[in-house]
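Listed after this line are the structures, all set down as structure tokens.
There are two complexes below, and they share chain A, which is joined by chain B in the first and by chain C in the second.
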Partner chain A sequence: MDIMKHIKQQIESNPIILYMKGTPEFPQCGFSSQTAQALLTTGAQFAYVNVLEHPDIRQNLPHYADWPTFPQLYVNGELVGGCDIVLDMYQNGELQQLIDGAAQSQA
Partner chain B sequence: MNTEQIKHLIEAHLTDAQVIIRGDDEVHFEAIVISPDFIGKTRVQQHRLVYAALGENFGNQSIHALALSTHTPEAWQQRSGG
Partner chain C sequence: MTAERIARIEHALHQALVPELINVIDDSARHIGHAGARDGRGHFKVLVVAEAFRGQAPLARHRQVYAALADLMQTDIHALNIKALTPDEWHAAAV
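Right after this comes the complex of A and B.
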């Protein structure tokens, strides 16, 4: 399948999906680590893609998203942001709200 | 890439941008950007504007990471307790 279509389908079929370097258990980048940690505190289940194991996604997602760096968090098909935005939202409580809403719409 | 180069690129692409930037190793940076261009935009859109100003410097690894904080002039003034 065309990689852009594959990415689109992946983002749209997972209510919460994190593209990161490494995995939540074994992150391989400080920014990915902090973002995954923040997401784990919400208690919600989320999908993730280790872009280090998917060079095609690592190369093409930045073009798809118009966003050059990782991690990238998507909720309900929308880019929420990278590490800075997610941590900011974690600190002011917005992340929990957003994730709770996404989990509800999924149920 | 040094902090001055990044500062200039951002200033060249955003209206009346104020850029506070730090970086010790020429590939990892931390920046605070204040510009009226951010008014009415989401944070994702604000960050995209800054990324667009920096163009291919991410793709070609001139910049490995940029910790970014974007603010409208009004929000920045409130934040700094004006």
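Right after this comes the complex of A and C.
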């Protein structure tokens, strides 16, 4: 399948999906680690893709939503942001609200 | 190398965003040995205070910063920690 279609399908079929370097258990980048930690505090289930194991996704995802770096968090098909934005939202409570909303629409 | 890189980043941000204030910090030393640091590009922290961010959500602000630095992302920057504020937000935060 075309890689952009594959990415689109991944993002649209997972209400919460984090593209990161490493895994939530073994993150391989400080920014990915902090973002995964913030997401874990919400208590919601989320999908993740380790872009270090998927070079084609790593190379093409930046074009998908015009965002050049990792991690990237998508909720309900929309890019939320990278590490700085997710951490700000974690600190001001918006992340929990967003994730709760996404988890509800999933149920 | 660090000073030149910072100057290039500041110049690109000035050109694109006409900011009231910019502060760029080279944070690369904290990432030595990290896989992303091996190609020689650096980790930077940027604070940009600009009217251009007014009325924009964080996502759009960060996109503007990334767009301004698009060329440098290929050559000098591996990772970027971004704080993008309007002058009003900056003054409110600084008080």
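What to note about this one:
Here is the rule we use: the second predicted complex is superposed on the first by the 107 of 107 C-alpha atoms of A that agree within 3 Å, B and C clash if a C-alpha of one lies under 4 Å from a C-alpha of the other, contacts with A are read in each partner's own complex, and residues count from 1 in each chain.
One rule holds for everything that comes next: contacts are C-beta pairs under 8 Å (C-beta built on N, C-alpha and C of every residue); 3 or more make two chains touch, one makes a residue touch a chain.
Everything numeric here is computed off the predicted structure, so don't read it as measured data.
For the composite obtained by overlaying on chain A, chain B and chain C cannot both be accommodated without a clash.
Once chain A of one complex is fitted onto chain A of the other, the partner contacts of A:T69 extend to both chain B and chain C. Within the superposed three-chain model, A:F31 lies in touch with chain B and with chain C [touch as defined at top].
In the superposed pair of complexes, A:G43 makes contact with neither chain B nor chain C.
When the two structures are aligned on the shared chain, A:G101 is found in touch with neither chain B nor chain C. In the superposition on chain A, contact of A:V80 is made with both chain B and chain C. Ranked by how many residues of chain A each touches, chain B and chain C are led by C.
Within chain A, the residues touching chain B in one complex and chain C in the other are 31, 66-69, 79-85, 88. Across the interface of their complex, chain B is touched by residues 31, 62, 66-69, 79-85, 88 of chain A. The part of chain B that touches chain A in the complex is made up of residues 43-44, 47-48, 51-52, 54, 58-59, 65-69. The part of chain A that touches chain C in the complex is made up of residues 21, 28-31, 52, 66-69, 79-85, 88.
Against chain A, in their complex, chain C makes its touches with residues 31, 34-36, 58-59, 62-63, 66, 70, 73, 79-83.
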